[in-house]
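When the chains are written out, they are named A, B, C and D in that same order, and each has its own residue count from 1.
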Amino acid sequence: MSENIKLATWIVLCPFISLLLIGAITRSYKKLSALVAILAISISTILATILYFKNLYGLTPQVHYFEWLITDYFSLKFGILVDSLSIGMIMVVCIVSLLVHIYSWGYMEGEAGLSRYYAWLSLFSWAMLVFVVSPTLLQAFFGWELVGAASFLLIGFWYYKPEAAQAARKAFVMTRFGDFGFFVGLLILLVVVGNVDFHVLNKLGTNMGVSPKLITMTALFIFMGIMGKSAQFPLHAWLPDAMEGPTPVSALIHAATMVAAGIYLIARAFGFFSASPFAMEFIAAVGILTSFVAATIALVQNDVKKIMAYSTISQLGLMVAALGAGGYKAGVFHLFSHAFFKALLFLCAGSLIHHFHTNDMWEMAEKGGVRKMKITITTLIIGSLALAGCPPFAGFFSKDAILVAFEMNGKHTFMYITLLISFLTTYYSFRMIFVLLSPEKEHSHSHGHEGDHHGHGHDSPANMTIPLIILAVFSVLFGFVDTPLMNGYFDKFLLNKHEVEHLHWSVMIKSFVVFLAGISFAYVQFAGKTGYREGFAEKIGWLKALLVNKYYVDDFYFILVRGLVYPFASILNWIDRKVINDTGVNGSGNIVIFSGRFISSLMNGLLQRYLGTSLVILFILVFLWQLI
Amino acid sequence: MAGSLFPYLLLSLILISLGLIGILVRRNLIIMLICIELVLNGVSINLLALNKFSVNGSAMGQILAIFIVALAAAETTIALGLIFLIFRHYKEIDAEKLTELKG
Amino acid sequence: MIIYILPEILTFLMAVFFLLSAFKKISMETLHKTGMFFSIINILIILFTINLNGLFFYGTYKIDFFSQSIKFILAVGLFFIIFMADKRIENTIKKNYGEFLFFLFSSNLGMMMLSSALEFITLFLSLELSSYTMFVLVGFLKNKKISAEAGIKYLFIGAVASALTLYGYSIIFSYFGDTSLQAMRIGSMFMMKDVILYIGFIFFLTAFFFKLAILPFSFWAPDVYQGASTNVTAYIATVSKVAGVAVLLRIFVYFFPIFADQEKILILISILTMTFGNLVAVQQKELKRLLAYSSIAQAGYMLVGLVMFNKSGMSSTLFYVTAYLVMNFTVFLVIDQVEKEKGSTELTALKGLSQRAPLLSLSLLLALLSLGGVPPFVGFTGKWFIFSSAINKGYLTLVLIAFLNSVISVYYYLLVARQAYLFMPDEKEKMKVTVPVRVYSYFSIVFIIVMGFYPAPLLNWAEKAIRYLVG
Amino acid sequence: MNFPILSSILIVPTLGVLLILFCKPEQKTAIRVISVISTGITLLLAIFLMIAYDRQAGGYQFMEFIPWIPQWGINYILAVDGLSIPLVFLNAIAIFTGVLASWYIEDRTKEFYALLIFLATGVFGVFMTQDLFFFAIFYEVAVLPMYLLIAIWGSGKNREYAAFKLTLMLFFGSAFVMGGILYLYKAAGLNTFNLMELKRLAQYPKEVQKILFLLFFIGFGSIVPSFPMHTWSPEGHACAPTAVSMLHAGVLMKLGGYGLLRIAIPLLPSGLHDWALLMMALSMCNIVYGAFTAIAQDDMKFMVGFSSVSHMGMVLFGISTMTLTGINGAAFQMFAHGLVTALYFSSIGVMYNKTHTRMISELGGIANVMPRAAFFFAIAGMAGLGLPGFAPFVAELMVFIAGVSKYPIYGIIAVISVVVTAFYIIRCIQRTYFGETNPRWKDMKDATNFEVVPLIILVIALFVFGMYPRLVLDLMQMETKNIIAKLALM
């Protein structure tokens, strides 16, 4: 086993060990189990950084297998795959996970099931790392499902809240519906190709044995799974509801890692997906559609975390579209950078919520004192700038890479739609900023809710603000990785392509202009005023209704389940009860009983009737004899 | 030969069938008892006739006929004893009334 | 020569002794004790003569291992019945206990001779002897209306059946001339078999069907089982069944050449009997009536074994009928104890028996399940042998029907068992169970389980008996 | 191997039953201790079996041969091979955890434990015997105590009806099995019930195989609950006491699958070919129909009953594909599903002892009051819906691979059940365990340490065999290989 593989195995195993330790020993000591979890994830992060620095300039994929299951004509293998993509993803996952672990130390203290919380976080990190390092599609599915289960447990962490329980259930069932597609695709591949290693899959287009039609079908089936997990258009409804979970969970799972798993899978099996042009078209279309829909809905949201959720869906849509259009580097680069600044935004939102005990940005604004929380608000602004794509920040470069990818691959319409989307993104993110920063009212009519403006002056405790600062630094510096400043380090690392890309100035200018338009439009509509203001979307009546109801997607699912699944189940149940059980089983029982009753009524005790029947039967038997 | 076998068989068949019909139709127990005797006699005639005509050299049929007479007597005594008992309980010896045990 | 037929002579003398005792004022207890003592002597004598072999009275009376073992079973059955008829019996029987024993012993004598008879006249006479005494036993309860009714019904159907048998035999006699079964077997080897002979044979079988309560002549069973006193019913249900099977075994051996490939009609009769017995038994609310129909169904299973005309079929039937004797007697013993306690033999009389008499209810449960053909018990093993001999001749549908019938039978046996186990008893105090009953329950539990799991001893005995029979 | 390990696996529980019968009804603790010791020893023996079986040699080991009734060709043969060891191990775990889980039984504990262990002995017998006569005996010994166990100690108002229906339908099925076995005995003409000889020497003509396989399919199908004969299973589970439904769904349903794999398929390969399509169609109904009906259930145990119907449908589906992966998957599914259902019922039982109701509508927010019971039910739920990392996922994966390769469209339809299973399980978890606590259950106390012991054993087993299934799969592979070899000959 090579050095990298050993490191990678230990990175994956650490969270698992912490899960076992917490589950078995430290269950009843909250503080101790938190420490164990944080220790484990920090060891993983350190090992990850060592792994990263050992092969700074990318490496050829190294794989190590062990036989998990032998069937007659193929064997299913588990193992560890280490290559530049997986190292990058490991780094992202470990860093964000470590910061979230530290952040939750402050955010969740005083919480009843803290050890359970950290156990599930370790389970999640372990499952995500298993998914990231998986050499085969089967192990990917293994990690994929465990990640889904961990997200169900974490969303439903406050299970006494009915909405949290409902959200957890919706998340799990919807992602599970997606996983059905993934499972079917996996099965067909296993049956047709027999071996589902990624390097085999990526070369599938070339080998003649497999018909292109089949590749398209399996690609679409697998993409169905990705739609479920990475909240693409039809199956995105669960992500906004998943905000019921604790905010660090949302930051880790529903911003940085889990939802990005789908994009990582497309990147990992990029050769396989690009083998079928139709699938790529479909993926791109779904991506861009999701991005647009999510961006529009985010315009009318008032809950801070809901805005972040919809912006995540929109950014994910962009990544999917970029990959669909063939921009492998662009998608992956945006994936990494988005992970940092979206985690930052969520954690800021978390510290705001922790402070004001309410999710609604208008209430926060009324309470005032946001300006006082120096670190939180500055990091929030940095995050929003990165999200919106302001030049020096990471978002700008990664979005620019996507725009370049669209342009290079001839998808001009997609480029313009992306520009519109980034305008909307800038608009809603700065709508939130300006609402929060709006000048405090003169407390004249602060409706007398509890006057505990308790220390609205101070900021969140240290262990919450430090991760914010770290993430802010990342959101600022990470962008330059892909620029000639660091002579195209990211290309060298990811694709080990050595010539330095020149900057596409035309695209940069366009995106900067769009950023300025967005920020000024938001400033005009929201900055400097107090009380409830309406953005341009809220003014148009029908548009507001459409967006508030989230394009009626939730209602569609409600009708689907209530109107279709439950009645179908009750019909089947009725059939089972009445047809099979009462007529079939009891029926045959009753035949026996009634025929018995009939005969016993014949036996009415009359001696002559007995003799008569006996003689008649005897004579029938004698004559019947000849016929048998 | 003094005659053929057939008339005897016919006679015994008639006797047996009359006896059986008598048992099924008549409701009085003693009449039924008489009918059983009728059937047994029919069988004896049949036995004797067959022994005479179709079996040569062995008189086992006739011995059996004598035994049948003895058995019929024993049977009748027990039957009358029981009928006597029924009369004491039911005050009449009508087969239709004996329906205490049924189902 | 006397040694060979010593059991018969002794039984006859005992019967006469009890007849004379009716005139002297002998108390019921002493009579009961002497009865028990006599039946034990009877068993010992038969055991003593078990391996003898001989042909007597000019070839009409055969003593061999088969007949002696049947006599042994009959004697053991008689002992059980007498041990059951203890002092808590109905007082009409208690008052003239001597006559009761007289009829019991004479009926047993008839059955003993039945198992050795080799010639039709002796066979028919011993059959009638045992039947007539049983008619009297059924009508013994002078004060009860239903006992008289049961007696008269039993008698009339018996009389008609024996009349038809005689008619059937007269036809068979016309073909062979000699009444001995041996002559028939040799005679039938090379003669042309025609329809009249087969019709005669069916009529000939009616008395034996009546004895075993097989369908055409089985309608008497429910009324007689319910009407007679439980002791007499036990006697009819167990011991007379053994005698019936023994005589049919004897007859089928000698009639085998005639009947080689004509067993289809008998199979139809056995299917009808099984189904009739099981279907109607499901309805019954009264214990003895339910057991009557169940005994009809069991007779159906036995007929399947008999009708196969091969050694394995016959030995499995003998095995099954012996096991049937023990199983059925256990059930009747429990019903008798409950009747003496509660006075009624309704199904609900068994309510909560498991609380009041755990041992009795356990033996009842095992006996019922064994009758239903549930595996670890002897009933299942018996059925298994019968049906595997049946399937050796290729009757798959017959075997399936039989197994489905036993599924129905499990239903009504469980209906009886659930009364004992599922419901709480009305009175709380324990039911007093005398020592002999307790000993017998232990014996029956052990017998049912051991013989079910390891049937070799009983089976080897049955096969040896059949070897002598066919031999 | 002079120490007769297999007979001791049979004798130890029987001794336990006898000892229990001899102690007085009041000595409840003595009865419980005896039953735990006897089942504990059996579990150790089963584990020893699992280890001591040398995997290279394969085939039948630990053989014990006593001629029983030579003239009928019946002899007492006990032998185990790759297919039966895991199931013996499963049964040992199920009875051990069952005995622990039924500590709360107060009324007539003596009869309860006697019948429960008697039932387990029957199941042990079925898995170990190689003689058709003893197979028949043990097969119905396993069914016999069900009536009394459900009717007396069961719960729910129509438990009598459920007990009767269950017992009679299983007897109805066993009637066909008995008929089939006897016809096997006759058609082979070797005058022996010894399964090993029959497998070596018996040659059955095609049409005989066709009829015989149908008989066995109806017989074993009624206990596997294949589609038309499945109505006893949900009702039987719902009304049975915890330990009985653990044993029943955990192990009894596997008798049918095991019977097919041990008797029907090796001896009648062409029969399987003729009836494979029918078996596939019925198992398809089982899977999809069972899953959808489970949604409409309000009683938790009914829901688990229907989920067992759906999961056992996968066993038949695996067998009907007639491929090595399929049959391997079917055998492993029997093993894995046994563990999951035992965990399901014991966790429901732990809650039921306190709340005395299983209706989802009446329960709510139990997790706040009983976090431990909720945790274990969640684990059972996750394993049940086929989450990777637990044993059932492996089995479902293999069955679906075989299914998709043999019948592509039907295979994909069968996979739908994975989503539907997730739907009703998560819905049940959410509505019973999450959400605010129903005021009625405010003062419930959580599961005691003692009640949790069996649950932990089952979770560990599920996890170990989920992460590394080759512990059991390699064992089963040997046996299924020569089944496939027989099938290939056709």
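One rule holds in what follows: a residue touches a chain if its C-beta (ideal position, glycine included) is under 8 Å from a C-beta of that chain, and two chains touch if they have at least 3 such contacts.
Owing to the predicted nature of the structure, the values given are computational and were not obtained by experimental measurement.
S.K.: For the pairs A-D and A-B, output the one whose chains share more C-beta pairs in contact.
M.R.: It is A-D, judged by the count of C-beta pairs in contact.
S.K.: Measuring from CA centroids, which chain ends up nearest the centre of the complete protein set?
M.R.: D
S.K.: Just how far, in Å, is the C-alpha centre of subunit D from the one of subunit B?
M.R.: 64
S.K.: Where the centres are mean C-alpha positions, what is the separation of subunit A from subunit D, in Å?
M.R.: Here the centre of subunit D sits 37 Å away from the centre of subunit A.
S.K.: I'd like to verify one number: the distance from the centre of subunit A to the centre of subunit B, where each centre is the average of its C-alpha atoms, in whole angstrom.
M.R.: 97
S.K.: Can you check how far apart subunit A and subunit C are, centre to centre, with Cα atoms defining each centre and the answer in Å?
M.R.: About 78 Å, centre to centre.
S.K.: Touching two or more other chains, which residues of subunit C qualify?
M.R.: As it turns out, subunit C has residues touching two or more other chains at 152-153, 156, 160, 222-223, 283-284.
S.K.: Out of subunit A, which residues touch more than one other chain, so two or more?
M.R.: Subunit A, residues with two or more chain partners: 600, 603, 605, 607, 611, 615.
S.K.: Return the residues of subunit B touching two or more other chains; collapse runs of consecutive numbers into ranges.
M.R.: 20, 23, 98, 100-103
S.K.: Applying that definition of touch, give me each pair of chains that meets it.
M.R.: Those chain pairs satisfying the definition are A-B, A-C, A-D, B-C, C-D.
S.K.: Write out the stretch or stretches of subunit C touching subunit D in their complex.
M.R.: 312, 354, 369, 374-376, 380, 384-385, 387-388, 391-392, 394, 396, 399-400, 403-404, 406-407, 410-411, 414, 418, 421-422, 452-456, 459, 463
S.K.: Quick one: which bits of subunit B touch subunit A in the complex? Just the residue numbers, please.
M.R.: 20, 23-25, 27, 95-96, 98-103
S.K.: Note which residues of subunit A are touching subunit B in the complex, please.
M.R.: Against subunit B, the touching part of subunit A is residues 600-601, 603-608, 611-612, 615.
S.K.: Using the touch definition from the top, list the residues of subunit C that touch subunit B in their complex.
M.R.: Touch residues, subunit C against subunit B: 120-121, 124-125, 128, 132, 135-136, 139, 142, 145-146, 148-153, 155-156, 159-160, 162-163, 166-167, 169-171, 173-174, 177-179, 222-223, 226-227, 283-284, 286, 289.
S.K.: Would you pull the subunit D residues touching subunit C in the complex into a rising list?
M.R.: Residues 68-69, 71-72, 111, 133, 136-141, 144, 147-148, 151-152, 160, 164, 167-168, 171-172, 175-176, 178-179, 182-183, 185-186, 211, 215 of subunit D touch subunit C in their complex.
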